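Chain lettering (A, B, C, D and E) follows the sequence in which the chains are written, and residue indices restart at 1 in each chain.
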Amino acid sequence: MELIGLLNYALFMAIFIGIYALLSLGLNIQWGGAGLFNAGIAGFFAVGAYTSAILTSPAADGRLGGYEMPFYVGWAGAMLAAALIAWPIGKICLRFRSDYLAIATIGIAEIIRLVIKSEEALTNSARGISSIERPFGDLPYVSSQAAFLGIVLFLVIAAYFLVQRQFNAPWGRMMRAIRDNELAARAMGKNIEYRRLEAFIFGSALMGLSGAVFAAFNRSITPEAIDPMVATFLVWIMLILGGSGNNKGAILGAVIVWVIWSVSEIATDQLPHEYAVKAKYVRLFLIGLMLQLVLRFRPEGLLPERTTGVTRPEDEKSQ
Amino acid sequence: MDFMELLNFYLMPGIVLGCIYALGAIGVTLIFSILRYAHLAHGDLATLGAFLALAIVSGFGVSPLAALPVAMIGTAVIAVFIDKAFYNHLRERPKIVTVMASLGIALMIRAVIQVVWGVDSESYVRGIVRPENYWGLRIRDREIYTIAFMIAVVVALQLFLGRSKWGKAMRAMSDNPDLALLSGIDNRKVIILTWLIAGGLCASAGVFLGLNTELKSMMGWHMLLPMFAATILGGVGRVDGAVLGGLIVGVAEELSVLVLPSEYKTATAFVILLLMLLVRPTGLLRGKVL
Amino acid sequence: MLELDQLVKEFTGFRAVNGCSFTVREGTITGLIGPNGAGKTTLFNLIAGALKPTSGSIRFNGQDVTGLASDELFHKGLVRTFQIPHEFHRLSVLENLMMVPPKQQGESLFSNWFAWGAVQRGEKVVARKAWDTLAFLELTHVAHLPAGHLSGGQKKLLELGRTMMTDAKLVLLDEPAAGVNRTLLRQLEEKILILNREHGYTFILIEHDMDMIFKLCHPVICMAEGSVLVEGSFHEVRNDRRVLEAYLGETTGDAA
Amino acid sequence: KADVKIGLLGGVSGAISAMAPSMLEASNLAIKQVNEQGGILDGETLEGVIGDSACNPQGGTDAATKAVNIEGVSVLVGPHCSGAVLAASGSVSIPAGITMITPSGTSPEITGLEDNDTVFRTVSSDDYQGRALARTLKDAGYEKVAVAYVNNDYGSGLANAFKAEFETLGGEIAGFAAHEADKASYRSNLAELADGGADTLVLFDYGDGTGLTILRQALENGFFEKFVGADGMKSEALIEELGPENLTNFVTSAPVGEKSDALDAFNKAFQADGGDPDAIFVTTSYDAAFLAALAIEKAGGDKAGIAAALREVSNGEGETILPGEWAKAKKLIAAGTAIDYKGAAGDQNFDAAGDVPGIYALFKVNGDQFETMTEMK
Amino acid sequence: MSALLSMNEVSGGYGDTQILKAVSIEVAPDEIVVIVGPNGAGKSTAMKAVFGLLNVRSGNIVFDGDDITSWAPNKIVQRGICYVPQVDNIFRDMTIHENLEMGAFLKSGDLSAAFDRVYELFPDLKDRPRTLAGSLSGGQRQMVAMGRALMLDPKLLLLDEPTAGLSPKYMDQIFQICRDVRETGVSIMLVEQHAKQALAFADRGYVLAAGQNRHEGTGEQLLADREVAEMFLGG
């Protein structure tokens, strides 16, 4: 019983870590790869979650939806919608320097959040959408979790593989060059706008996918889920902690942050509740402090980006 | 709607709010241009200032205005301490690292406030204050203080930055820190000075916000984005720009309910900001194109 | 090959390039000299698409290229170096070179995902070329250093190296000699000549080093205050009174 | 002996962090009574495991998963916020077959969940309160009101129900607007609402949050003469900050136990325990926990049978059990006699969807306390 | 003759990499010393070492009787050394005038004499003192940078390739200025790639290569040295 319970919880954690790993990989393409400071992750996450929700949920009064499509259609739709939203945003905002882009994307995410909260006909406003299809949702609890985890793992591995390829290829080198010196990259014939947009859209699509997975897992999506604190900043902490520019780091960051986040709560939950309430704040304090310590002692993250790239041994010989 | 109504219920609140944003935005803009990062703990630092003043008000029974200078000094010192303890050693790193660190600091400050003062709303003075009526203009003392304080601060700061040696040193350091060092400017002093100014102003923003509304543990955090919008709107690195930006954001937020559904009020600041970035990314008063 | 017609570039209230016209013939090395602030670099920025001219037109290989972005011009065969080095400071020196060749297959996401083998083969070719260039520039020992850690002169060499990584038709060199050790510079001159004679590169060269101009350039154009002052052979220009006054200075003039 | 656990998923951090502590205290009171009166099942101790649902879906599922899997709880009391309830039930409690009773998830969306009859609530849907408030106001002679509501599931649920009912009854809504929480100024919002010409503002928000700000700014600037709130506005903070003298024209509805023996019993016990029986959602929190204990006892500890047992102990038939009467209930259950729990917040007879009708009263401020004016129908 | 500045067997580098290997350089009062060498030899690094911008691992640096090894740069400036780096040597967002003003940051009182002197040396700057330095041409920037350093009347001036990018006319002028400045009692240590010209007017010169001293001697000596000429001066 205890063991099964722990296993169940481990499954759950792994699913959540997978969801966040997708976000953090998406961010890694944008920030680690192309140096785009997207502080509106929550927005793309939300677009993905709601798109898949609308596509896969049963009909309901007074709002768009009721297409009851299979989950994979919903998820593909989520990626597409996030990418489509990212396109004009990227067109407009990618000209800005990184801090500006950050603030612009925060603003856009906030606007997306307000639209979701307020436009009843589209998203059922503050009540959210429930009864979303979850793949393998009809299986018994444990097997359903395990099967879902299987899907999530597949997605994370696939995403990792694709992104890793990109980073190690001339594409990655070109993006780092663009990040380093835009003017020179342009003079060397690189189409910066196009490349950035490419990275931004691809990263956003992954974020949208993550949102769809999240909605399916919970079978519901409500506006609280897209609070920037959990859907944007936590992801940033994951990436910075793990090591931006390094895909393993992005995933490792998701693992560590979520485990610490959850385990520290198990610890504080043991306290009597009059302390437990304060302990929540102490816990936030400790998480902040932990971040400081990491930045102090591993400012490049646990797995830093390899700044000087890959040179294979045969190159060395050829000289 | 007649003009007096527009003035009393839309413009005045917008201006007062704008002054508060401006006080915060000045600090943001200084840090942005001199130390070169977006300081995300600025809002929570303002909250801290507000609660420090609350502690003084309730501890010694003085008026909030009397507590203001003490709170400003206290917060300024804390800001310097935070910089020393947490940001200083990140100086050589990419700026984003410091941005992340400041986010962590925001969490830490907020947690301290929540542990010490709890999460309930508080206020400096219980009860309500009805406005005086000056020939139809309805305004409260505290609103006059807010506006007057902001004006005084801006004038003083402009003079300081433009005329004094240290003001110029701050600009030089924002421009080329290495060269500033070679010119004999002690960068550490400039940084301390920057934090003293930013921290003090930040506290004043918090106190005035608390004075005009309530004190809540999240009050500063919610002010953060409008402050950044104000900063960029006015042009990064420009004190006068921050003020202009703050006022515009404040007034626009209040006026927005006339044209937009009121649930979109929060979005006003961003919409202005995005338009600004599109049309003129250097801000209204030509700031640094960072 | 390159025709400039009445180019003007105005910065707020200041004309840096003021009605500049000249023609560059294919296969030449054109020297561009002139006092500091004459507008030489600005002219390069206009030709290379980093700035858009206020008025006037640029024709390259018979096509009107006025106002094209620099990446498009690069693909038409126009490469430039920067007076103040613009290296990719976090990329290794080797990567700085390897990123240059255009149309690398690995720059497409699609190829990376589905044609990894071809990408790898392309990399090998590019790497060989980069190593050769490094060897020539005496930078082999710093190949794996981040380019930001190079010395000032090494960065200038790297700038030059980048132009060797593509099949350029027209190369704009902005003061390649400034800060470069003279012994090495003599070798660079050789290389430029080889590129010019054997590979058919056309050069425009901004320099203040008269030895280099003398050795390489014909014709030489002297600019002053945004427009062409004199154009001709090195000796014609060198002995022009206005050039002596504005640019070379009396002492050097006397010595010559 | 092994403990029997129930999960108390509070919104300890997040939007309602100010209310959560007293709600948890009330739930803990029920647990304490169970343990004092012989424990649960074979004299085992009942233990309440607190989890923080943080008032958002991520927190809700996390806390629920921990409670169900790591702690092995038999029943979940909570989460406190509707979004967390939807997510936690969808991904955890329904698939795992664990019964969930929320004391404060008031979203109408919860009614329609496909939950295999495992999701219940001891608080009524916002729909009920909004409609009841509309009827009461209309009866009391309010004809023309403006409505301001916080833009979340709570505010919009109440406001829409109120609006529909009030208009059906022939009242006029002369202003209807949502607002985002935590802005510094709402004066322009108020001016805009007041433009409709109503003299009454109905405010669906939280009294220790934005509701306080709005009410203060309305009072200070002389917008509106009368103010009406719903349960969220019934907060001590309001009286403390604004002063009772300024709140003479303020009334607020809130769920109450019908004046009943049950409520008295609870009030007494909670007061003795150091709690404030007038705090928001404490009665529902208590009922949820006590019902959970009864259901566990009835089902003999079998988790799968708890949902059905819950209906049995509260379906209105059988010997009445009042708050605190654990020993009696235990004896009757052992004897196989049918029991019916009458809760502090009402009879707690669940309908087919697991909802209860609410019982509300209108409160006004008297001295530094809220005081019941009228019951609401 | 006691040296004004002496670097004694200084070793050090950036982070872990060792760049300077026991480099010794001396500058006497009223002396112009030129350092030449291939690119990447460590010339700029040697200057940074003097200015406390380097991890000095062994050896010491003595200036005017004080051991200034690892002093903070602002103290070194105060002590009377000014430094013009090779790159990034102006405040881009400040006007020419303000750039000069920052040069005299440590000086109080009337600056007009100092301004006059600099403007006299560089009349180009005088014409538009309110121009942002960032918009100047490469050569004009070099002038601003020099001017900034001269504002403080230092005892020792460190110039890292002051003539790079300057027109021949200005190159001569800069060398002339160096001589003029020396006349006013300022010693100069400069790095040059225009090595022949520089050695011709300098009092003494050092040749650095691969982070080590290779040759030293008076300007004429070095110019006459066949090996030096071939290896380092371009034949």
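Methods note: a residue touches a chain if its C-beta (ideal position, glycine included) is under 8 Å from a C-beta of that chain, and two chains touch if they have at least 3 such contacts.
From a predicted model like this one, the values you see are computed outputs, not experimental measurements.
Contact with both chain C and chain D is made by A. Centroid distances from chain A, each centroid being the mean of CA atoms, peak for E. Counting C-beta pairs in contact, the pair that comes out ahead of the other among A-D and A-B is A-D.
Of all chains, the one whose CA centroid is most distant from that of chain B is C. The geometric centre of chain B is 38 Å away from that of chain D, both derived from CA atoms.
Mean C-alpha positions place chain C and chain E at a centre distance of 28 Å. The centroid of the Cα atoms in chain A and the matching centroid in chain E are 51 Å apart.
Separating the CA-averaged centres of chain B and chain C is a span of 48 Å. In chain A, the residues that touch at least two other chains are 114, 117-118, 281, 284.
Shown for chain D are the residues in touch with two or more other chains, namely 17, 151, 178, 180. Contacting chain pairs (ordered by label): A-B, A-C, A-D, B-D, B-E, C-E. If you check the complex, the residues on chain D that touch chain B are 17-18, 151, 177-180, 182-185, 187-192, 195, 208-209, 212-213, 216-217, 219-222, 237, 240-243, 245-246.
On the side of chain A, the complex with chain D involves touching residues 1-2, 4-9, 12, 16, 114, 117-118, 124-128, 130-132, 134, 137, 140-141, 144-145, 217-225, 227, 230, 262, 265-266, 269, 273-274, 276-277, 280-281, 284. Those residues of chain B that touch chain A in the complex are listed here as 32, 37-38, 86, 89-90, 93, 95-97, 99-101, 103-108, 110-112, 114-115, 225, 228-229, 232, 261, 263-264, 266-267, 269-271, 273-274, 277-278, 281, 289-290. In the complex of the two chains, the chain C residues touching chain E come out as 11, 33-38, 41, 83-85, 142, 149-154, 156-157, 175, 178-186, 208, 210, 246-249, 251-252. Within the complex formed with chain C, the chain E residues making contact are 14, 37-41, 43-45, 86-87, 124, 135-140, 142-143, 160-161, 164-173, 193, 195-196, 230-235.
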